[in-house]
Amino acid sequence: MEISARNQIRGRVVGVRTGEIMGEVEVEIEAATITAAITASSVQRLGLKNGDQVTVIIKSTEVLIGK
Amino acid sequence: MEISARNQIRGRVVGVRTGEIMGEVEVEIEAATITAAITASSVQRLGLKNGDQVTVIIKSTEVLIGK
Amino acid sequence: MEISARNQIRGRVVGVRTGEIMGEVEVEIEAATITAAITASSVQRLGLKNGDQVTVIIKSTEVLIGK
Amino acid sequence: MEISARNQIRGRVVGVRTGEIMGEVEVEIEAATITAAITASSVQRLGLKNGDQVTVIIKSTEVLIGK
Amino acid sequence: MEISARNQIRGRVVGVRTGEIMGEVEVEIEAATITAAITASSVQRLGLKNGDQVTVIIKSTEVLIGK
Amino acid sequence: MEISARNQIRGRVVGVRTGEIMGEVEVEIEAATITAAITASSVQRLGLKNGDQVTVIIKSTEVLIGK
């Protein structure tokens, strides 16, 4: 499946934490570490753990620019 | 001003296009090119043009993970 | 690729319109027609046209409830 | 009050869970079950419980398309 | 209909502009003028024009804090 | 740093609560109290506490209009 989101960057999971409802996944890409706040159940459904190769997906309408 | 958004990555503007209401800004970071869809008036207000050093800002709740 | 977004619904494209920067895609699912505002370039990149089988993807943090 | 969000679908609550800050509400529509991650205090303010008739509201700029 | 979004502020429309796909609505609240980028068809469906009393609705997960 | 987000309103923090992953910050502006759901680690990183002068930042594509 190809996805409409303009920003799709390959990276490696370097941190996973889950609370009751939400979880936090850190993904190392070349330039930076991206943090994703997704539901704890999605963390579990995808079985996310350190070292996983994943794709960070960000819709362009969600991106701000600071200058 | 420090901003709550977890993801703030420095990059360089490599493309700017504006329509009537919306605009599109491409920012080259090390790992990839990030596209931001922001209003045309924000493109103008920040005076965004190729070569500008900018910061890409993404709230962690807006990030999806694909695996 | 499996995606963290909790809401992924199969449907059929029933309308595509593009402006300069943004485009609008209508997808018929069983219960309703979902409208997606995505960039015109994503409409083009995916080659979206009426009759396409697609998946509507919505992150759960983007959903509001009215009662 | 009529709302600008293009996607407003009637459904029935089939699951409610709350954590400290966030909560999760599952709403059955005809085609699928939609999950909404909203604050725990909104779950409480609306008194959301299984069987409630609710409206799922999604702004079109938040919808991705996979093909 | 009561809505889960935590932030709902009454205001008055002071500007409406539409492009092909997207539109821009400015709403004066007491403290500031809020700009909403919504689809042009929602501008039309709600019949938004200067002087309209409207409610600005913002989900709390979409708000950033700068300090 | 100037930010592309159209809506930036000065206010004062009047409430801070944190859970495991997410936190909730209430900011009093003139017209209303705005609630922001941000990660607990951002609450900590910015050291948010009652009485802080902060800026509420909202991208215009995230704003809905009710009429």
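Every chain is named by a letter (A, B, C, D, E and F) in the order it is written, and numbering of its residues begins at 1.
To be clear about the criterion, a contact is a pair of C-beta atoms (placed from the backbone, for glycine too) under 8 Å apart; a residue touches a chain by one contact, two chains touch by 3 or more.
Note that the coordinates shown come from a computational prediction; the quantities given were computed from them, not determined experimentally.
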{"item": "For subunit D, the least number of touch steps when starting out from subunit A", "value": "1"}
{"item": "Between A-C and E-F, the pair joined by more C-beta contacts", "value": "E-F"}
{"item": "Far-end chain from subunit B, centres as C-alpha averages", "value": "D"}
{"item": "From subunit E, the most remote chain by mean C-alpha position", "value": "A"}
{"item": "Intercentroid distance (Cα basis), subunit F paired with subunit B, Å", "value": "21"}
{"item": "Intercentroid distance (Cα basis), subunit E paired with subunit C, Å", "value": "22"}
{"item": "Chain centre separation in whole Å, for subunit E relative to subunit A (CA means)", "value": "29"}
{"item": "For subunit C, residues contacting two or more additional chains", "value": "1-6, 19-22, 24, 35-39, 41-42, 46, 55, 57, 59-62, 64-67"}
{"item": "Subunit F to subunit E touching residues, read off their complex", "value": "3, 5-9, 11, 24-25, 27, 29-32, 34-38, 42, 46-48, 52-67"}
{"item": "Touching residues (chain side subunit B, partner subunit E) in the complex", "value": "1-5, 19-22, 39, 41, 57, 59, 61"}
{"item": "Subunit A to subunit F touching residues, read off their complex", "value": "17-24, 35, 37, 40, 61-62, 64-67"}
